[in-house]
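Presented sequentially are two complexes of chain A, the first with chain B as partner and the second with chain C.
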Partner chain A sequence: MIWQQLQSIAGSYPLALRGLGMTVMLSLISLVLGTLIGFGLGILRTGGNRLISSVIGAWVDLIRGTPFLVQIFLIFFILPELGIELDAFTAGIIALTNLAACFICEIVVAGIRSVPTGQVEAALASGLSRWHRMRQVVLPQAMRIVLPPLVGQYVLLIKDSSVVSAIGLTDLTRVGWLVVQRVPNGLLVFFLVGLGYFIVCYPLILLARRLEQRMGAAHGEVQL
Partner chain B sequence: MLENFSFRTIVEYLPLFGQGLVTTVWLSVLSFAGALAVGIVLAAMNLQRGWLFRVPAKAYIDAVRATPLLAQLYFLYFGLPRLGIVLPELVVGILALSLNSGAYVAEIIRAGILSIPRGQVEAGVASGMTYIQRMRLVILPQAFKVTIPPLLGQAIVLVKDSALLSLIAVAELTRAGQLLASDRFMPAEGFITIAAFYLLLYYGLKGLAALSGRWLGLAGART
Partner chain C sequence: MTSNRSKNGTGMIEFRGVNKWFGALNVLKDITLSVEPREVVVVCGPSGSGKSTLIRCINGLETIRDGDLVVDGQRLGDPATNMTRLRTEIGFVFQSFNLYPHKTALENVTLAPIHVRKIPRAEAEKAGRELLAKVGLADKVNAYPAQLSGGQQQRVAIARCLGMRPKIMLFDEPTSALDPEMISEVLDVMVAVAEEGMTMMVVTHEMGFARKVAQRVVFMDAGAIVESGTPDEFFSHPKTDRSRAFLSKILRH
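Moving on, here comes the complex of A and B:
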């Protein structure tokens, strides 16, 4: 019985590979884009312009306050009504990138604010331009605070990418859903799906934990 | 285009949204209670010195944290009937949310207990307190204080996560939006309305977290 099911599941490995590929691709593209945009937003938000920072703050709050599933539905079903045609893959990328950018923005803001003002003042006194102050003085020090939660955020992003299966993208979770219609053993099928995510996410979780310990030790802080 | 945005339809569907909101709230409350129960047990197991309880608790917490909630939900939804356990979708959903959030709650509680300085425990020992007395009178009251804000943060996550239950046809808030979207072909009206309702819950809980931080005298409490 279980052998037949295993064989049947093994028979659908091309589908499973496609699903895994889709999950990895979605996560990777939105991870890169989200990091870039998130850093940009975080730097803009701490830049001193009150209007810009409150607009970004309001947007981040909107995104943090609504379920990701609702955000995907909004993007996938409403952008076409505004005349922007897009397929499920693009909608998924937009939704995930936006989500990642908002959370990373918060992380970057916390990191930048943790840098003592004396550092910025010293850079100012040394005649560094705004760009150089950010790039050579503030960001390198902020990275200690930013790095551990950033890696944690990547784990969340990979897990959240499973939600795009709701608009019909064939990612790993969707493959599980398709296979379970043929092989009626939900425990086995979704154990394997979970294993797929675990293999990708667990090393990242360990990395985040190690970074946290290292950065904490380097800072002489007591970690909660 | 959105110029035909129909407030009238939203008003017409308001009872449905209201029911969905109420369902989302009470299923979140039940799930959070379940998550607290699971979290307390896991945290207690995880703080033991012996490996017999600690290793399974750690493995469970890692497994939950490294896999998506949706996969866990489907695992239970498609898997439980396989074991001869047939439950209504709503119960499966509450179970999945409790088991998932419980792992995160366990970490919050553990961090709270570990945040109590060693000196406090030693002072308890020096005063001749038993283990139970130390826990009950010294450690837990202080740990309780620091765990409240992050627990409310986890409650926010849980409310948002409960939207996934719409995918196994639980009639909660997101499902109400989907119904309006599919019955009347009005996705904008449906999804913008439920987004507004979720924001209401979000700001409510966030305000509560800020207030609790102030009541408990935690300066700059993070959620």
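Moving on, here comes the complex of A and C:
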């Protein structure tokens, strides 16, 4: 019986590939956008303008303090009420990008704050502009702290993307729901769905671990 | 008006009635001091006396509450004064070196010339190599700070300042974080800089250095300038009880 079910599942591989493609696409786009926006927010938040900093802080807290499923529903169902029509894909991208940006902002802030003040003072004293201080002195040093948790955040993002199936996007999780209606073996189907996510995430997990080890070693080297 | 007068005056650095508070603590009390071009002034005094704060005000790492501070003819805190540009004329050497750990010695020296002075990279690197050779580190051009001793790091830090061809050099206890055997290599470089006619303010307790190159020693205590005179006057005939007490402590060993 298992064999028949497996054959039946194998028959729906085009659907599974489409779902995997959707999951990767959603994750990749929101990962790139979220990283850019997250770095921007992190830099702004440490930029010294108190108003901007507290507005960003409040938004990040709000997003971190509410379930992602609720955020997606708000974006997908509430925004059209306000006259902003969104298709499910755009809504998913917006929700995921926003989530990623908020978490990455926190990671970037922690990285920037880990750079000793003496470094900023040295850069100030030599007349470097704000942009060059950030680009040449602060960010390269912050990256050592930022990189390992950043890659870890990407893994979380890929997994969180499964929530977008709730608004009807045919990602890997939703493919699971569709297949299980034909093949009544939830354990088998969702085992395979889980395997799909794991195959995408595992290289990133390995990368995060390697980065962490490398940064740890390098950190010991640089201690003054 | 103030800035006009100072342009006509000779002071490269002029404090007039400068006060600064950290909360309720009056860390600089009514400071009046003028440093002439090419003059070397050593600032000394017990810890917490405001020496570091004094020179950190000059390049705007600290801000003053009242009084006038005019540097190279520009009044600090004046909207017309471009602080970033003024800082390019002022080299600052830190007690803890503050070299950029992710950049090589040469990159540390060329960073500001390339990005602030907009000097072409090849030219900046040539000048950087010459400066590192001048501070005795021709063979460490490609070393990272972590691969250098404290004395070597501080010499790179001095070369980094010189790379901007500043008009003024400020030193904040440049040898205090060094092992004793490395102090003289740094002082030698500072003497060479002084002998080239640099305007310098040096916070230090290195009395040998003060005697050799300083025109003036300023003694601070509790945020105020207590005494000021030539090194000879100050070390041989301190005028106040506080300076005598201080000198007996640092000269005891």
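Side notes on the structure shown:
Definition applied: the second predicted complex is superposed on the first by the 220 of 224 C-alpha atoms of A that agree within 3 Å, B and C clash if a C-alpha of one lies under 4 Å from a C-alpha of the other, contacts with A are read in each partner's own complex, and residues count from 1 in each chain.
Going forward, contacts are C-beta pairs under 8 Å (C-beta built on N, C-alpha and C of every residue); 3 or more make two chains touch, one makes a residue touch a chain.
Every value quoted in this text rests on a predicted model; they were computed, and no experiment measured them.
When both complexes are superposed on chain A, chain B and chain C fit side by side without a clash. Set side by side, chain B and chain C differ in how many residues of chain A they touch, and the one touching more is B. Once chain A of one complex is fitted onto chain A of the other, the partner contacts of A:Thr46 are absent, as it touches neither chain B nor chain C. In the superposition on chain A, contact of A:Thr66 is made with chain B only, not with chain C. When the shared chain is aligned, no partner comes close enough to touch A:Ser27: not chain B, not chain C. Of the two partner chains placed by superposition, A:Asn98 touches none, neither chain B nor chain C.
Once the two complexes are laid over each other on the shared chain, residue contacts for A:Gly127 go to chain C alone; chain B is not touched. Across the superposed structures, the minimum distance from chain B to chain C, using CA atoms, reads 24 Å.
In the superposition on chain A, the residues of chain A contacting both chain B and chain C are 222, 224. On chain A, the positions that touch chain B within their shared complex are 62, 64-71, 73-74, 77-78, 81-83, 155, 158-163, 165-166, 172-173, 176-177, 180, 184-187, 189-191, 193-194, 197-198, 201-202, 205, 222, 224.
If you check the complex, the residues on chain C that touch chain A are 59-61, 84-85, 87-88, 90-92, 94, 96-102, 111-112, 115-116, 144-146, 160-161, 164.
On the chain A side of its complex with chain C, the touching residues are 116, 118-119, 121-129, 132, 136-137, 140-141, 221-224. Contacts from chain B toward chain A in the complex involve residues 1-2, 62-63, 65-72, 74-75, 77-83, 111-112, 114-115, 146, 160-164, 166-167, 174, 177-178, 181, 187-188, 191-192, 194-195, 198-199, 202-203, 206.
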